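Next come two complexes built around chain A: one with chain B, the other with chain C.
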Partner chain A sequence: MRRRFAPIAALATALCAIPVALAGSGADPGVSSTTILIGGTSPLTGPAASYATVARGAQAYFDFINAKGGAAKRKIEYRVVDDAYNPAQTVQAVRRLVEQDNVFAVFNTLGTEANLAIRDYLNQVKVPQLFVASGATTWGRDAAKYPWTIGFQPSYAAEGLVYGQYIAKTQKKAKVGVLFQNDDYGKDLLASLKSGLSRSGSKVVAAEPYQVTSPDVGSQIGKLKASGANVLAIFATPTFAIQAYVFANRLGWRPLIINNAVSATSNTMTLASEGGKNKSIEGTISTTPLKDPLNPRWKKDPGMKQYRAILAKYAKGANPNDANHLYGMAVAYETVGLLKGLGANPTRAGLMARARSIASAKNPFLLPGVSVKTGKGDNFPLQQGQLQRWMKGRWVPFGGLWTSKRN
Partner chain B sequence: MTARTTRIIGFVAFAAFVAFVAVLPSFIGDFKAREYSYVGIYLIALLGLNILTGYTGQISLGHGAFMAIGGYTTAILMAGNEQFGGPISGGMKDVWTLPIAGLVAGLVGLAFGIPALRLSGLYLALATFAIAVAMPSTAKRFEEFTGGGSGIQLFGTPELTGSISNVEIFGLSFSPNDWMYYLAWSIALVAFAVAWLILRGRTGRAFRAVRDSEIAAVSSGVSLARYKTLAFAISAAYAGVAGGLFVIASAFINPDAFPVALSIYLLVGIVVGGLGGLSGLVFGAIFIAFLPLWAQGQDLGSLLPDRIIAETQKPGGPAMVYGIVLILLMFAIPNGVGGLFRRIGQLISSRRYSRAK
Partner chain C sequence: MIVAAFSDFMQQVVSGLASGGIYALLALALVIIHRSTGVINFAQGEMATFSAYIAWTLTVNHGLSYWPAFVACLAISFGGGVGIHRVVIRPVERGSVLRIVIVTIGLLVGINGFVIWEWGGEPQQLRSPFGTETYDVGGVIVAAHDIGTIAVALGIVLLLWLLFRFTKVGLALRAVAVNPDEARLVGVRVTWMLALGWGLAATLGAVAGMLTAPTVGLDPQMMQAVLIYAFAAAVLGGIDSPIGAVVGGLLLGVLLNMLSYLSQYGAFDWFTEELRLPAALLIILVVLLVKPTGIFGRPEVKRV
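The block that comes next holds the complex of A and B.
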């Protein structure tokens, strides 16, 4: 009996010893003399699995940095756990990362609901919730209440406003129909679109929600067409955005289409074009802070050359035209910058302090002129973007960079 | 083996299992206790589903929805829904919401059981599937009641026992993770005993009669209406308690926490555990709780060859591994773990008899 328990007891002792071993040098959990462990969830399966490439891009960039010697003399280990876009699973996975794997920070976790589900927990246990992959306004707006949480991408509120102002400026008495995901993300975009339209002759005539779990958005598109709208705003994730184009085309409906940034990667647009047969995508308006992998303008750009090289080497088989990889690299680039500045004994509090005072103007994956910055009273890292129009198989930028002034 | 020795073996095995459950947290890490609490939670749901599907022969593809009903009952009683403009002020301690969660889900199950009387086989499966599909949308529609897509946050609320500080009870101190483990498993073990008591007597025989042949059951005086709705109600009540515990463990609820996939996983769980048996369901619950992790190359999955682990890290990878494991398992043990147990039992007893000759 005693002999039987011996290996279990040894294992239990070993498990207890791990946190002690990690604590070592006076640095926080997740930091050893050779590595920094960060972790996050990403949908690798389920309705939003197309976003899995964000984590893959970030992973490839960390591998690239590690091959060059890492950040602050340590290799960055990035552990990604699948949550199937289900917030209950996000909670389990994140507690596992924090309590069992002892990550230094939770990084790049994807989805508005997923991040809402873990925010109170992470702020209580004081683990950074770094660069949330969601544009909900709350990440920046409620920084005082949740000091351990910080977003990254331009807020949906800023994005929606830009579309509203664009329509107000260029269209006379437009009737806007909106397809939106029935959660904070979709509602943030819808509300700010409306405020961008205010005091113009244009207005939202119909807004149709869909559920993440629903099979398609055919009936919503049918209703929006029936409403007499001549502008269609798609505030939907890639799968549903593609469906929206397909159904609009089948119904012979050719409104001016606005497509939100999260579904506007060239890759998604190419899929929506159904091999060039679907003409409804021509003239679509969207916005992005990223360089477009399909745009020949960036063919010789050093940042984009690096992007393709890293992807080819560290994410074999990944499609470089999927700009979600690029987003992942952009956010990983900023993270490496933060970690480098933490010195010999990185602490979680030190990481957050630096995340609240970023001044990074040269992210090679973002458009020239787009800077990542935070500071006193400014908790939104990215607040700029470029309007662009889809023409003949690629995005063509127009107008200058916009900068959100709301925050 | 006589019926009596079988029963004695059963009691001894159950007592040994209770003892095992009681001491397990001392041998696994603190965090693992939290993960194993989910096994207990899924076990409760599987016990309920097996009463309905395994014993009474009524297929339900909608048990995730009954879990959601229990989960929302618990969350709303704890946090209230006044902050969304709803009528309930909340403030109830988490543990006390569980009987109500069971009751509410049980009543909904009963209400659903009545129209379901007219359906059988595949049609019933489809009707129950419809509840599972409709549930997330319904919860989002009644936003002032459920908090909509943003859900209800319970972490750190006074109603939640042990958010991050230790729990003192009966003079003992439990870490939050151990507390969750013991809470889930004490309820799961009671639920197990209750299910056994229900199934061993007259009611259980009636359930099995309905399953094996409805015509034969009616001609022996078993009321189909009564036993089918009863099975639905009991089964849904189990799912409701499991849903309530699930929400306490996650400290968060929103409609996407109970996707259609959950209902399907539960059905997979009873098939893996063995239809029409109780003890195998523990393995079904382990399967539901841990296979998604193993399929990502974590824990047991880290024993897989590196090439396969590399595949699991790619988009869609875990789902593929999950599917392959499920297919292999069904080839190896088509009657589930429970069926395997029974087969081993038969082998032992037949050897014994042949030796006696």
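The block that comes next holds the complex of A and C.
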């Protein structure tokens, strides 16, 4: 991972040394006559390092676009800084990106706590916090208070609600045990799951938090099993989600498992299956707005063919089954769309204005029918998804697309 | 109802023993390096992670089956441990203990960086040599992997006891740790004994890494939290005692699980997940204040 970003970072540093005077007269910092510099943090190391591939996918897409001439006649430089999933490091890195590197926008920064930690600052200095890689509801809900911040992925509130409603509809008197990350991300999912279950015979009987610094979640899974739960909801990042499956299996526990979208790439599921020996994984329910790289249905799909080609060319050695790459490309695609519309003198205010009025229905990496939309009173770019069930080594979609009320 | 509550309780004990087995294995490596070189090795966790990645890459990327990879990993780790001593530790060995400690902290950062650079930060899966079977013992589920882990820890204790008690090499190792200058005078090759201590610790660390990865998932940080618990286990059991490391590890695993189990029933209800790691640190502090030698350690005797 480092190998890949280092030369780009070095190049970007060199480009930044060129005085801002080169920039077009009306353009904002980070824009020169040949480049637009954007930057963001990503957990390249640390407890959530599986998400490093999100930045890698986005990077590959920008490289692809740059090879075709870039956006708005400029190349897009995307500088990724490691924050190890530690908000304190995010704050330092983002201040450096803004104050020393003069990025045009902060983009695709990953993690709920990380983004909360920089939101006040970025809104104060009026630098776009574009397409936050977190599903916390606050990004869309509090857009009036934080006009420089916008999310991307379906909100955790919408996702939790979908799971709750699914359980309410398909299970009679289910007893749900929840493993959740002890922060706003986990709590958002837990609260909305509960509201999805309300007025049904099913309810949450136990909810066990974990800290990202803990070595394992064995004790929590033991307690959830002991609670008598017959449904297990995993609201955890990939490392801990994989552990949850391993421990459930070691306890001989076979609940119906709900696994949140952020840990449901085919790659993570395959790791959790322990080489096909872990049976607790079979029948897991999750949701995604993305096309599944393992689904044969997309084998000849132009979008997915392009995805594989871009990854093979610009992210050598990357595993195409890791759909986090795909997420990165989907968000980079929308960003390129925004930048193209900014004209000769891109401004930060112009970028945010366009981000608040997206109408993109043809993102090649998202499921057909899933559109990216924002507008007056709607600050949630993605509010659709597809329920899917893990069967015999891959996701099988079922039911139609769900669309959440644009709340 | 009471039967169910009892099996829940026992399940938490078993789960505590399982976590404890992991702490015990790494604690053993810490003990062995302290006993044979007198060093507290902060890089022990990262060395174990590195070894686990070696095993993983041999099986996944180089097509070896598990046991050849296991043996190769132990050999590579032993060589790596000796190499670390020769290249990094030996130049600072003559100075204060503090210098060596700082070098091991540097190693921690360096090895972690290398692992991420070479293999990336994403989690991987290393399979367990004991499989994924589980057994139902009166309503309490026990996993083959956890039994295997604890058995390996106890087996290592026995081997170490035989080594230190009955072999000349063991005696030389002990002599070097206690008094390198006098050991040299009686003809012990001190430098090689210290290198051997590092090699042994790295090998034990490799076992710890390979048995931890199937449980917590193989990623570059997998041993960082475990290391703190392993320190607590080693201090609790007595930093020089292999059996102490295992007992300390198991005790710690069960103790922490009990606190969080009982908190459900009102006792220790202040004990939340956030306090698990601080609790381990508190144990280190209390043991060092009250009984610095731990449960099995012997007080240091100096002839005046």
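Here is the rule we use: the second predicted complex is superposed on the first by the 383 of 407 C-alpha atoms of A that agree within 3 Å, B and C clash if a C-alpha of one lies under 4 Å from a C-alpha of the other, contacts with A are read in each partner's own complex, and residues count from 1 in each chain.
Criterion: a contact is a pair of C-beta atoms (placed from the backbone, for glycine too) under 8 Å apart; a residue touches a chain by one contact, two chains touch by 3 or more.
Computed from a predicted model, the values in this text were never measured in an experiment.
If chain A is used to align the two complexes, do chain B and chain C fit next to each other or clash?
Clash - chain B and chain C, as placed by superposing on chain A, overlap.
With both complexes superposed on chain A, which partner does A:376 reach: first (chain B), second (chain C), both or neither?
So A:376 meets neither chain B nor chain C here.
Identify the partner contact of A:44: answer first if only chain B is touched, second if only chain C is, both if each is, neither if none is.
both
One more residue to check, A:300. First (chain B), second (chain C), both or neither?
So A:300 meets neither chain B nor chain C here.
Between chain B (first) and chain C (second), which does A:222 come into contact with in this model arrangement: first, second, both, or neither?
Touch status of A:222: second partner only.
Counting only touches as set out at the top, which of chain B and chain C does A:184 meet: first, second, both, neither?
Only chain B is touched by A:184; chain C is not.
Which partner does A:243 reach: the first (chain B), the second (chain C), both, or neither?
Once the two structures are laid over each other on A, A:243 reaches chain C alone.
Is A:405 touching the first partner chain B, the second partner chain C, both, or neither of them?
Neither partner.
Looking at the overlay, what does A:173 touch: chain B (first), chain C (second), both, or neither?
Once the two structures are laid over each other on A, A:173 reaches no partner at all.
State whether A:199 touches chain B only (first), chain C only (second), both chains, or neither.
Neither partner.
Between 8-16, 224-232 or 314-322, which chain B stretch has C-alpha clashes with chain C?
314-322
Shared contact residues on chain A, chain B side and chain C side combined as an intersection?
44-46, 49-50, 52-53, 182, 211, 213-214
Give every residue of chain B touching chain A within the complex, in rising order.
Going through chain B, the ones touching chain A are 26-32, 34-35, 38, 133, 136-137, 140, 148-151, 153, 155-156, 163-164, 177, 246, 250-261, 292, 296, 298, 313-319.
Once bound in the complex, which stretches of chain A touch chain C?
Residues 1-3, 43-47, 49-50, 52-53, 182, 208-211, 213-216, 218-220, 222-223, 225-226, 238-239, 242-243, 246, 249-253, 268, 271-272, 274-275, 277-278, 322 of chain A touch chain C in their complex.
Residues of chain C touching chain A in their complex?
8, 11-12, 15-16, 18-19, 22, 112, 116-117, 120-125, 127, 131-132, 134, 136, 141, 143, 145-146, 214-217, 219-222, 225-226, 229, 256-257, 260-261, 264, 272-274, 276-277
Touching chain B in the complex: which residues of chain A?
8-9, 12, 15-16, 44-46, 49-50, 52-53, 56, 80-82, 84-89, 91-92, 95-96, 99-100, 113, 116-118, 120-121, 124-125, 182-184, 211-214
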